[in-house]
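Structure record follows, encoded as structure tokens.
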Amino acid sequence: ANPFTLIAGPCQIQSLDHCLMIAERLAKATADAGVGFIFKSSYDKANRTSLDAKRGVGRDEGLAILQGVRDRLGCPVLTDVHLPSDCVPVAEAVDVLQIPAFLCRQTDLLLAAGATGAAINVKKGQFLAPWDMVNVAAKIASTGNERILLCERGASFGYNTLVADMRSLPIMARTGYPVVMDATHSVQQPGGQGTTSGGQREFAPVMARAGAAIGVGAIFIETHEDPDNAPSDGPNMIHLERMPALIASLAAFDRLAKADPLAV
Amino acid sequence: ANPFTLIAGPCQIQSLDHCLMIAERLAKATADAGVGFIFKSSYDKANRTSLDAKRGVGRDEGLAILQGVRDRLGCPVLTDVHLPSDCVPVAEAVDVLQIPAFLCRQTDLLLAAGATGAAINVKKGQFLAPWDMVNVAAKIASTGNERILLCERGASFGYNTLVADMRSLPIMARTGYPVVMDATHSVQQPGGQGTTSGGQREFAPVMARAGAAIGVGAIFIETHEDPDNAPSDGPNMIHLERMPALIASLAAFDRLAKADPLAV
Amino acid sequence: ANPFTLIAGPCQIQSLDHCLMIAERLAKATADAGVGFIFKSSYDKANRTSLDAKRGVGRDEGLAILQGVRDRLGCPVLTDVHLPSDCVPVAEAVDVLQIPAFLCRQTDLLLAAGATGAAINVKKGQFLAPWDMVNVAAKIASTGNERILLCERGASFGYNTLVADMRSLPIMARTGYPVVMDATHSVQQPGGQGTTSGGQREFAPVMARAGAAIGVGAIFIETHEDPDNAPSDGPNMIHLERMPALIASLAAFDRLAKADPLAV
Amino acid sequence: ANPFTLIAGPCQIQSLDHCLMIAERLAKATADAGVGFIFKSSYDKANRTSLDAKRGVGRDEGLAILQGVRDRLGCPVLTDVHLPSDCVPVAEAVDVLQIPAFLCRQTDLLLAAGATGAAINVKKGQFLAPWDMVNVAAKIASTGNERILLCERGASFGYNTLVADMRSLPIMARTGYPVVMDATHSVQQPGGQGTTSGGQREFAPVMARAGAAIGVGAIFIETHEDPDNAPSDGPNMIHLERMPALIASLAAFDRLAKADPLAV
């Protein structure tokens, strides 16, 4: 099995310079560690807890910035789509379309995304059992597009809390599609701060490491150079300066896992 | 306080005749019981568990049928919307737009629905705490539209199971908006049959009665004359022939509750 | 069906005078409302969150006080047991033995309690499905004692939170044994204050009313004249002065429910 | 940090020969892998789902067998206690007393266990938040005994299902006591087969590996040479013949984790 791919970047696109700064750091760290890299950032946070929260730069500007990152650094880029009509224009600009967790059962969005032929990373809904992702993947695959990734990002566990069930990784892997461990959203506390979501940033490396040890295909991490002042998901993003050491550490667990695959 | 309104109908629109048959039975039973009535049915099941499941008659045909019911019976009608672009045409045909639970945080959909001026019934997401619905309502109210209903339809409770937390009714009522108890979706077992959702139809009257006793503004019930052969949500729909007695029973609990409001 | 029985009293025995004061108020209010009454209080809180919390007056003094209440007021009394060796002496002093939720699977305790011939109220474990209570009841019934009550007091729902699933009432009722709705423990927040449990007293009447509307055999409520200064469970106990009106209200819902039983 | 200790053995003591056969295999495999070993087995399953299930050989015979294993193999042995009165006699025969999860809040049991001076492995209740284990540990430590281990064995997640939250490992580690990952009970499905518990044996190695990667002090695994015919916990026990390879694999992840400790 191949080394894992790191899917990482700031939650929200702020500017081309900001994205490039982060992407360069991550590209170097992943290259040093011998793992893959896909830059991730969002142009529109379409489901913020509160209307007053910042939504982002918008699609046109966001796609231009993501293409700028891709052109300058040569790395693939990923962003999320929210409506079927987003899929074609976004797929022209990025390599991987991401389906947000809340939207993972929206048939038209899955079909529109699949029809672009782009790779599709589907976040498992907080309300969904891991075995039910087989039906989600089948909707995409019905378009003839089998470039599917299935992502664990935590399941609802009481109110304002998620829990990442490690069984979901091997369960989703039975589909044959690569599985992604989203380390930073798994420690989100949705709505936990009244008008914004909280998070437990300190446990994101725990989730990432557990995923690496289980041998996932990709690890998803949101990061920022100043999480406490980031426009979204600050409480669960990992500080950028911690990323190089974390990536190197995850690569070591990944190598061990890939040399000793779990038979489940 | 006024008697509750029953929001009821078959999960999925099958035909005008079928809708009329059900709506007539429900209109008579609610009139006999002295409670309100809004006919509910869906033209598009946009998030079925599996791609192979029936999605519905489509928007144009569905809206024509709903208008037919409204014209013939004089009752308000409700249907759900899935995309911002649905909202204007749907609001021209129906009285209440419903936001599906999975979509209750999609800002653009909430804003587009609110902007129509129609009443909006928002289902609380299976992943959402009841106190977080205040932010959802604020998104709609930002359009100047305060005709908002907030609906309990169960929260994720482990995998393939929901639980209806009765505390959510008074918590959501603190917003000042009417609260709806969805008795049939609260007993759904999402994805519980592999490629379809299961349900525990036998407990829907329990949920409806508990909601009536707590004094909700509306009770939501899906019903069908042959649930086992209905195109969707059969396992949790209540048999149509049980509805008149159930409505009369709920009206008695509602009268008692409205005469003796809970101070919470 | 008979009117419900109120099982109520202060969480913890403080003194004979204190118990009598509360029991008299409750005996009068239940008699006025035409419902049954069993006085409940505990002599030992054997599983407090923290070692520093008050455990109670102890078994000998506690049983003497409970017998004092029974002798003076003529009402049956209930208390909980924690060890098999408690059962015989406690059954000599009280009418109903209660098995705490954490202990509902401890076979020796269930057998020892059953063997006394006393009525046994078993709290459903926060970790147990309602259908699994059939096995719990069978352990008691194996002693030849069928005087069993099965009690809903909330199920674990994430951390530090419980949820009362109303389906559990009809599910447990299928055993044929009377079902009890514990209104005050269902709104407990275990461990939610660091070294003590929190609670949401304001929602206890909601739970009680939902249970009454569903037609339970008994409703369990802890109450105190000064909950904020009670030695245990203050955050979820109902203020004693609210009890007469609540009891009268519950009796009205109970009469309606018993006249119109749910067929589930 | 030291290599992890494997706490392992058959769920239930069957005979001295059977225990020796399993203990020898595990002692050799752990020695080969350079990790510690404590033999675990139970003489009494005091909280079986159903009364008809086998409870075990009883305390006297069980302790004699455990001492036999200790004498013959020189390894420490662990067993669980259920009543305060068990603690002294059990502590004379074994090295580690285990507090079952359901009993982790029973103050008298914790105090009696602590007072023996033996090491105490406390399973975190399925109903308990990981941060609440600090109060549990404090009860034991109040006896002057700080030889405490805190064990994750899954939290209630809906009905008949547990989920192991990996955050609980670093959270409990903040107490300073060694943390144990119970890989086989975390995949138990309590009551999931009607009168017995089910389990997902295939995922136990996933849990064990995640725990090893996070750097726990001990890993708990129940094992049997014929799990499908074992007297208890068959569905979640790992087949004995898989244990040597699993132990070697876990040791590799443990070495990596101990060389690269998570800073949380």
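Labels A, B, C and D are assigned to the chains in the order they are written; within every chain, residues are numbered from 1.
One rule holds in what follows: a contact is a pair of C-beta atoms (placed from the backbone, for glycine too) under 8 Å apart; a residue touches a chain by one contact, two chains touch by 3 or more.
Worth saying up front: this structure is predicted, and the values here are computed from it rather than measured.
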| item | value |
| --- | --- |
| Contact-richer chain pair [A-C vs A-B] | A-B |
| Whole-Å gap between the CA centroids of chain A and chain D | 35 |
| Distance between the centres, which are taken as Cα means, of chain C and chain A, whole angstrom | 47 |
| Gap in Å, rounded to a whole number, between the CA centres of chain B and chain A | 33 |
| Shared-contact residues (touching 2 or more other chains) in chain A | 155, 157, 159, 163 |
| Pairwise touch network: line, ring, star, complete, or other | complete |
| Chain A partner contacts - residues on chain D that touch it in the complex | 155, 157, 163-167, 169-170, 187, 200, 202-203, 205-207, 209-210, 212-214, 249, 252-253, 256-257, 260, 262-264 |
| Residue ranges of chain A in contact with chain C within the complex | 157-159, 161, 163 |
| Of all residues in chain B, those that touch chain A in their complex | 46-51, 55, 82-84, 102-103, 105-108, 125-132, 135, 138-139, 142, 155-156, 159-160, 190-191, 195 |
